[in-house]
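Step one of this worksheet: look at the structure below.
As written, the chain order gives the labels A, B and C, with residue 1 at the start of each chain.
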């Protein structure tokens, strides 16, 4: 990735340069910024791999907390649906298998992340960028952020461990509207349901949140990491099992008529999320 | 059941007629309507069996979602306490055993239901009609609905998996007031606690809810069913185990002095729920 | 404990006298009152042992419900940090081992408590007096009560099963601010998050709460105890396992540089909770 935008990397010394991310480490905070603002930070195959690499580095370096946020007005529009249009030589079965393997490893990186992981949700979040929030420790959202997981509309099924974390966090009666019936949550609704820790006014979001994060990064690092691992340790085996089951289910979905028709309709502009 | 009120059954062709229910299937929605309005839809032994049959049929037919609701002003006043007055030849032990077997199978039908299951709570709900709500995927309630589980007042203990689902949904500190100390919840309170998905004004309840349900029934059916099974699959073994334990406990309760005295007081008008 | 303040013990006959508690049994209610108001009811080693004894007695006598509350303006300021200044002959390792054994038994007494256990939180609560609240069945709080668990500030990690109960009750995104980042909750916030059952105005707190508790204590005792055991039985093994893991982690923490420095800073007045 030496040909990437090295702007952010050079001043901080050790930071790696990425094609799709800007990663910095400062004041004990590793910040992973999704950096495809012109595409609403939609996650390409390359971006999945870079995110896993960046999480791996942040988990091992001497930063105290790790933050994920987005460039521009979107937090993340989810899986780039163009990922589904590049059919490999092995056909859709091969594509589904490869996508499943990638998804499994991607979600695993969140389940196993060893330090406090904080989402700074600067705008709308869609799909997998929403579902993995259940694996974050803190989620701060700006007032105009929204949270949308239109799985059934695309003939798909929940991932990111959301089939387990969302009902646990919100209760099944709230989670079903979100995961089955495509309800888009406002930041305030997501906060009331427990998916979001706190909502801030758009005008003061960045300053309020980063003030708080800088204070967090001054706390005893081992105490924080060990406490986080203690909290997540109880359900870790469960989360890995859920991840496996969700991915198996999705691999079947991706080659189903229901899913293919729904995605084609989307690209033909017949359906709108 | 050929002598039942066949009014609703004929027009829809395949629908079965029941003594205590009106079951229809239309626009992808299987609707099971409790139909003893003069008795506040209290559940008789016959009604338990008809409900299990109707759920079995709805789970297997080509409907997309299944709805349970009540006729008249009540959603359901719970177990018909007259069920406890017909002592069979084997005495109270036999009655407790039979009631336990029935309850076990009844709750099992909810745990195993394979499609999105939605409660349209049109009025007060009591006892087992409240407890099984934790096994529904969506619960829409009219503003004047209430939710009441007066177990300890009747010398009994929780069923319908509520000893597990209620603390999980509400947290134990809220669930104990409901399950141990007979707190009656308003629709708004039940919604804040996560037992109810959303509350609607009495005046627009039916039209708002059915508009929404008709839209849900147009979503890809397999995606919905598989997603629901994914969400509920994680805790399915746990729910079956809880059901067994709750029923064992209740069979002991039903033959206890505490319970018999409480039910006698109820019939003698000495106590009021 | 014959030399204790026998004031409260004599009138009720069987009640034991304690150095640090006032325990009474009346109208079916066993009340355990933390009685070091001049020290904000901070828990000394003696007090831990007396609390375990009082819970053991209350669990076996014929009281219907058990209440824990505080004398004076504080509910409880948590572990008396002077417990860490009495280094025994075996050094800090021995101190950590002894403290861990005590903590394990103390939390176990809450997990195994067989009757409805109710906290009457009459003022600020800190540390372990907050974390074990997740093991109570009902938590009533006065409006001015606060809830604070400054673990990472002291280089420590969560106990009292809070690493499991808090994320379960509040969702992980809310729990992390409390358990990792030292957020102090108001009574109203704790109630919205489900840790507290209900909040009452300071002026009417005592009369409203005790009126309610007296009514609860008139309900069928076996039904209440069995229902509570049913509710808690599902997660009992999990809670015991969490307790063991939390204590193991804390024993490592207590002998760590991070923790020792944090506690020294506290005593030197360099840091303020």
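By definition in this document, contacts are C-beta pairs under 8 Å (C-beta built on N, C-alpha and C of every residue); 3 or more make two chains touch, one makes a residue touch a chain.
Note that the structure is predicted; figures quoted are calculated from it, not measured.
At the interface between chain A and chain C, under half of the residue numbers appear on both sides, which makes the contact a different-residue one. In this entry, chain A maps onto chain B through a rotation of 120 degrees when their C-alpha atoms are superposed, rounded to the nearest 5. The distance from the centre of chain A to the centre of chain C, with each centre set as the mean of the Cα atoms, comes to 37 Å. Counting only residues that touch two or more partner chains, chain B has 168, 170. Chain contact summary for the complex, chain C toward chain B: residues 116, 133-134, 136-139, 165, 168-170, 194-198, 216, 219-224, 226-228, 230-234. Taken together, the chain B residues at the contact with chain C in this complex read 151-153, 155-158, 163-164, 167-168, 170-177, 179-182, 238, 242, 245-246, 249, 252-253, 256, 258-259, 262.
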